[in-house]
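The structures considered in this document are given below.
Presented sequentially are two complexes of chain A, the first with chain B as partner and the second with chain C.
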Partner chain A sequence: MTYGVGDLVRTSGRDPAHHYRVPRYLRAKRGRIEAVHAAFPLADARAAGDPAPPLETLYTVAFDGGEVWPEGAEPNTVYHAELWESYLLPAAELP
Partner chain B sequence: MSRLNDVGGLTGFGPIEREPDEPLFHSEWEARVFALNRLLMARGLYNLDEFRDAVERIDPARYYGLSYYERWFEGIRTLVIERGIVPPETAA
Partner chain C sequence: MSEHGHDHPHDHGSPAAVMTARVNALIGALEARGVAADADVTAVIERFLAAAGPQNGARIVARAWVDPTFRALLLADANAAIAALGLDMSHWAPVELRVVENTAHVHNIVVCTLCSCYPIALLGPAPQWYKSEAYRSRVVREPRAVLREFGVALADDIEVRVWDSTAELRYLVLPRRPADSDGWDEARLMQGVTRDALIGAAR
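Coming up: the complex of A and B.
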């Protein structure tokens, strides 16, 4: 577990050629850790048939609506997504 | 490679049609596909992520023309062929 509640993070902008659970509209976006969950097997590895997928901490990340949809987010919109640790970077770090 | 299922937030698909009192299934075969998928996962033939991956691997030229449960059926068919459960000629 690398991040704690309140930490600022950004999502990875990468576009891997396999099953991946960061939707395009959430890539390379800044958010804030809202909850830290248990470690769960990484879906990317499970989807590829890995018999022992790595266990990674899952986080609830909150994004301001304007960060996700710069044009047209309703005011005061906050978007929540559950994301695995390897999908995230510290906010200051470039992808 | 962004997969063709990842259309959240894209414009150009027109408005989302909302169906009042939408039934769980629109015909019986859809319920059968739903049940078949649950059964095959419960039996350990594949897991949910492998199923999602199989749906995302549908030929792009066909994907958008298929309905939701038609995509499920395609995903199931891909997996039972790849795992040698059903010979390809039978699953056609």
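Coming up: the complex of A and C.
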């Protein structure tokens, strides 16, 4: 577990060919850790049929509507997604 | 001729047909190995659905409205709180339940953008609109517009929080207690709690 509640993070901009739980509209977006959950089997590996998928900490990440939808976002809305640790980067390490 | 080179009247290309074929193959394998019969599988599903319905969610909400200790536990560790009411999320695999609370300044609404993840044990089978592509794609981008179509008009100073459910986490909304309900007991409070309010499509 690398992140704590309130930490600012950014989602990876990766575009892998396999199952991946960062929707396109959330790629390379800034968010805030809203909750830290248990380690769950990584969905990417489960979808590929891995009999022993790696366990990774799962986070609820909060994104302001304006960050996710730069054009036409509604005011005062927050979108929450469940994201695995390997999907995230510390916001400070990014340009 | 169909695109894969033979004529046939059956629909084996749709997601539902693929799923039906998989389920039938799985049941067939269980029967062939003597693990379970088709009737056993049906009985398990019927037993589950008989106990699953929005009355469970309403019971949770009514208890939270009258019992501050339960409410605090519900918001901190919902799985533990509902276990105290004899309810359980973990019928097939461990699932974390999270309860999010509406306030004068916050409205919560739940979606599953990937498919139709939903707390079936607490609300019964999901309504058709919850599974529709229109709801799933629009509510993440324009939740206020979607809520207006449900008859919920929210002032801009009320924060709208959208929660995207997954196989790992399910959400239940804790609505606000009706303003005129002082002295009501749990049974009476339960009657006013709708399924849509527990999803966040009503306020």
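Note that in this section the second predicted complex is superposed on the first by the 93 of 95 C-alpha atoms of A that agree within 3 Å, B and C clash if a C-alpha of one lies under 4 Å from a C-alpha of the other, contacts with A are read in each partner's own complex, and residues count from 1 in each chain.
Note that a residue touches a chain if its C-beta (ideal position, glycine included) is under 8 Å from a C-beta of that chain, and two chains touch if they have at least 3 such contacts.
Predicted model, so just to flag it, every value in this text is computed and none were measured.
*Asks:* For the overlay on chain A, clash or fit between chain B and chain C?
*Replies:* Partners clash after overlay.
*Asks:* Of chain B and chain C, which one touches more of chain A's residues?
*Replies:* After superposition, C is the partner touching more of chain A.
*Asks:* Once chain A of both complexes is superposed, is A:Leu8 in touch with chain B (first), chain C (second), both, or neither?
*Replies:* After superposition on chain A, A:Leu8 lies in contact with neither partner.
*Asks:* Touch check for A:Pro23: first (chain B), second (chain C), both, or neither?
*Replies:* A:Pro23: touches chain B and chain C.
*Asks:* Under the stated touch criterion, which partner chain does A:Trp69 make contact with: chain B (first), chain C (second), both, or neither?
*Replies:* both
*Asks:* A:His37 in the overlay: touching chain B, chain C, both, or neither? Say first, second, both or neither.
*Replies:* Second partner only.
*Asks:* Per the contact definition in the header, classify A:Ala91: touching chain B only (first), chain C only (second), both, or neither.
*Replies:* It touches nothing on chain B or chain C.
*Asks:* A:Gly49 contacts which: chain B (first), chain C (second), both, neither?
*Replies:* Touch partner of A:Gly49: chain B, not chain C.
*Asks:* Where on chain A do the contacts from chain B and from chain C line up?
*Replies:* In chain A, residues 23, 25, 43, 68-69 are touched by chain B and also by chain C.
*Asks:* Inside the complex, what are the residues of chain A that reach chain C?
*Replies:* 21, 23, 25, 35, 37-38, 40, 43, 58, 60, 65, 68-69, 73-82
*Asks:* Applying the document's contact rule, which stretches of chain B touch chain A when the two form their complex?
*Replies:* Going by the criterion above, the answer is residues 1-3, 6, 8-9, 47-50, 52-53, 56.
*Asks:* Along chain C, where are the residues that touch chain A in the complex?
*Replies:* Chain C reaches chain A through residues 96, 98, 113-114, 140-145, 156-164, 166-169.
*Asks:* Name, in rising order, each residue of chain A that touches chain B in their complex.
*Replies:* Spelled out, the residues of chain A in touch with chain B are 15-19, 23-25, 43-44, 46-49, 68-69.
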